[in-house]
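Pasting in a structure now, in structure tokens, and then I'll have a few things to ask.
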Amino acid sequence: MTTHRFIPTLFHNTIGSHAPVLRIADGDTVIAETADAHGFDRHGAQPGTRPNPMTGPFYVEGAEPGDTLAVTIADIRMTRATGWTFDTLSPNVVDPGAVPRFPPRSKTGWIIDADAGRARLAEPPPALKDWSVAVEPMIGCFGVAPPLGQAISTATSGPYGGNMDYRGFCAGVEAMFPVSVQGALFFLGDVHAQQCDGEIVGTGIETAAEVTFSVSVVKGHAIAWPRGRNATEIFTIGNARPLDQALQHATTEMLNWLIGDFGLDEVSASHIMGQAVRYDIANVFNPAYSVVCRIALSALTGLR
Amino acid sequence: MTTHRFIPTLFHNTIGSHAPVLRIADGDTVIAETADAHGFDRHGAQPGTRPNPMTGPFYVEGAEPGDTLAVTIADIRMTRATGWTFDTLSPNVVDPGAVPRFPPRSKTGWIIDADAGRARLAEPPPALKDWSVAVEPMIGCFGVAPPLGQAISTATSGPYGGNMDYRGFCAGVEAMFPVSVQGALFFLGDVHAQQCDGEIVGTGIETAAEVTFSVSVVKGHAIAWPRGRNATEIFTIGNARPLDQALQHATTEMLNWLIGDFGLDEVSASHIMGQAVRYDIANVFNPAYSVVCRIALSALTGLR
Amino acid sequence: MTTHRFIPTLFHNTIGSHAPVLRIADGDTVIAETADAHGFDRHGAQPGTRPNPMTGPFYVEGAEPGDTLAVTIADIRMTRATGWTFDTLSPNVVDPGAVPRFPPRSKTGWIIDADAGRARLAEPPPALKDWSVAVEPMIGCFGVAPPLGQAISTATSGPYGGNMDYRGFCAGVEAMFPVSVQGALFFLGDVHAQQCDGEIVGTGIETAAEVTFSVSVVKGHAIAWPRGRNATEIFTIGNARPLDQALQHATTEMLNWLIGDFGLDEVSASHIMGQAVRYDIANVFNPAYSVVCRIALSALTGLR
Amino acid sequence: MTTHRFIPTLFHNTIGSHAPVLRIADGDTVIAETADAHGFDRHGAQPGTRPNPMTGPFYVEGAEPGDTLAVTIADIRMTRATGWTFDTLSPNVVDPGAVPRFPPRSKTGWIIDADAGRARLAEPPPALKDWSVAVEPMIGCFGVAPPLGQAISTATSGPYGGNMDYRGFCAGVEAMFPVSVQGALFFLGDVHAQQCDGEIVGTGIETAAEVTFSVSVVKGHAIAWPRGRNATEIFTIGNARPLDQALQHATTEMLNWLIGDFGLDEVSASHIMGQAVRYDIANVFNPAYSVVCRIALSALTGLR
């Protein structure tokens, strides 16, 4: 159970079968720095480029196609006192006729006070001079190499993970990915200090960070879409357009989880899901949208 | 401020400009009984028919086109110890290839213990013998007469409300509807004892109820889609297919709320929404799906 | 087999169970005038109002729920030398980011020369001074009363027909509708002198017309969605959003047609459809989009 | 202007920046063999694997990012007397409730008689014993390397082309692709002997072929989505889900074509498109659906 410190010098704009930057063992912990979505690091230098430059890949010993890679996010620490967002709603999230009401989209700066746990606009419009938001860091883009030798832009996502932009991928969460290649090849980056459901301005508060995570290989346990678990819930995430299809993927994955791991059949699983499911719209901005299907652990008590 | 008791003898399967069953004043309270989605009442008799037979319409004195009707739900009381659900996930919420895995859909009974606040399957499969859910009553279908003299099936929904099946329409909520006809003509019914996000088995726990609500007319304040408010949040709801379009309607309505009532411009409203919005998928089963856009009141503090 | 001449004096903006304007027998022919989408008639007077004021309903003797009403369009004659369109693409048919490139939408006039069979802009921009289009009249909105006593805006469409805006509903076509009420209650209007696939500027060339049609009741033959037939093809039409769902409805209806009337099973029908189906996008503008599934009669030769 | 003959020995299942198999000059012609969608060649051997193994890439001298690569399909010759299809409609193209009506999907064989120009099922069900279809070969999957060093599965498509499965990509067509890398890196394969609109059984008649094509580099002319041209029409193709978004891409690309190459503004282009556009649904099966926007050259006569 080694702990590695890793500071990237090169970044990838695709998730694919690239040369590993570090080989780690099942159970190891990594403390890795990430640059922001446009490649700016903790010092404000720009060693990476858009979109979403990735730290990694990390080769996990023992991980093989058909396994699941579990990644536990222990901590996401802000390494920079600044972030940025876009300043208008994305045109695809409002009624088409409302699109011309917005001025052209600009990048705008934020001040991140990690100690106080608050972030605020660097140059707020008058109405927002006293307005701030909580700092609740999350990982925007992470995942493992996809099959077929593919290398896929970090702008989008798929069964392998990628740019899911889900605010639920925060400290305390175990994320699970389907392994498609030897060593899994895990990438991460694109940390946000805060983000709404849907990422509807096209960004969270984009910033650099230091992420502490540990890996675990679940041998011979195949999953079709990313899964997660925190102290109170289990969840699955589907990535596709439209939201309807992302929801179908997430719902089917949850169905398979309940059947595979809890010994239920389709009808029993339907009864539970029909009263207990919660959905989150993680992002409705990227080429693939992301929908999360959650169930509280409390809704799974009393199962025989 | 009169309180009316109303027990329906006829029911409507459309929301439209039907003859009022009661005329009430701005500020009045009504305690009204509702039948379940297939028309069964508190006694198990079936005075109504599917889909979603409505109690009403109630003519609200003073309500005119261009106004908003605010309906505060004070209480939803279970009047029957039984409910029912469908027993399989709806085919449209899973991957198309998974549809054949389910047996044909059946109705199944539930026991509702309102005092204990729990509901359980009447004839549970073995795995669910000890499993139960909380009773958290909500109104599945309610709204006001649409414009143009339309009469629209209670299976679906629109700007006028209708079969939105949102678990957030529970006691303690003020729901707002755009008035299109003289007297607003308010209908309600289709109460559920419990329901997940998305209504993904095609029902909540369908049952009869007694709903206590009061009405308030907001003169000269036009809205485009239903809105709501509870102790901690404001929300809007868009009804359409696919989810993407329902989300666009809800998001645009929230934008207009922040601009119209909080004095913000598009950029300031985007900043707030971009960090604070939460989405709920109310239903992903009916002809029109429903997506809710929520903002915590706490995210609106500090505005100048 | 009577031929009726009908000039409307009142118009409906919903398709529903309104009082019949004329009772006709199975086999009768009607020559009926229609106003344009905003209610202007052949004389330029405006006896109707938007949206899509309907001529009718015509009560067809003998038509009952569960039957099919077949309407053969014998002729669509232009009764006015002018029409109008909108002058920009609808914001929902271009990439959201392209929406701000268009000026605000305006109505613009057209000159219709029915004898020459050409239409041209009344005040063309310089590049289009010598540009014109063929006159190929079609019915934008027609159908029969929906079930449940519904009355539905003529802006949209459904299983009962309505505002499908399909350029294939032209002279020489037999259109079929599922009968839901006694007498079927057939409405028509919203004739276009020309229109592209998709109705992507939100209109065809909107004008007044005189439509000659005859009706035929197919007893005991139920269909789920409108169907059609011309000299070379059979087709079905699904009305919903998104296009994907409209396509599912149209494809399923064609499957059922091949199975029900041609004696095929699902696999044989799949083989034919898999090589022979053509799709038209009738409209991608209205609240419900319309997709047509066509099969050439020549692709159905050689069936045993 | 050299003519090259190329018989592949290795195949790619992704479209990406792979090592070129041949370098060709602007204007050259290539006669290249292709294997079928599961990798079977003209001899029935299987040198490739699913999905859609590609012949290529061909490096085109002089092609640089920002250019357009025009590929003229001179001929598609059948090299095998057999093909195959799936035998049921894909579950995503029918109403979700109709999915269980189909038996499990199987591969079924076809006899291709290229001389007679007809194809028929090898083991037809009784109803189809005398039924056959025309042989009208088309290229299912072709395109150029995408940007960012991506390598994308040949199951799907994007701005770079890919698995568009459009029956309009047949002999006599010039297809145009946006160049993202030096040499363009052109791939092709997945020829079908016949296919309906939508590829709704998930395949055309999959077979091996010999394709004769020539290449032309259009320097400094950037396009965003594939375009095409034949004797009577110009067209654009958008690849995305749902169909609505694919249609938006294709429509926007056609708008840009009319503005960029015909000197029109948005309003003039809207007038033409609003009366003249035709849409094809190329495929509604692959991860990205494909919609084609076409305009007849005759609709562009008379422009100043």
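Think of it as A, B, C and D in the order they're written, each chain with its own count starting at 1.
Convention: a residue touches a chain if its C-beta (ideal position, glycine included) is under 8 Å from a C-beta of that chain, and two chains touch if they have at least 3 such contacts.
Fair warning: this is a prediction, and the values are worked out from it, not measured in the lab.
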item: Contact-pair overlap exceeding half with B-C, pair selected from B-D, A-D or C-D; value: A-D
item: Selected interface, A-B versus A-D, where C-beta contact pairs are more numerous; value: A-B
item: Subunit A and subunit C, separation of their C-alpha mean positions in angstrom; value: 47
item: Where subunit A and subunit D are represented by their mean Cα positions, the distance between them in whole Å; value: 34
item: Inter-centroid spacing, subunit B versus subunit A (mean Cα positions, whole Å); value: 32
item: Sites on subunit A at which at least two other chains make contact; value: 92, 96, 241-242, 244
item: For the subunit A and subunit D complex, residues of the former touching the latter; value: 13-14, 16, 148-153, 240-242, 244-245
item: Touching residues (chain side subunit D, partner subunit B) in the complex; value: 90-92, 96-97, 99-100, 242
item: Sites on subunit B touched by subunit A in the complex; value: 85-89, 92-96, 98, 101-103, 108, 121, 124-133, 194-198, 200-201, 203-205, 241-244, 247-249, 251-252, 255, 263-268, 270-281, 284, 289, 291, 299, 301-304
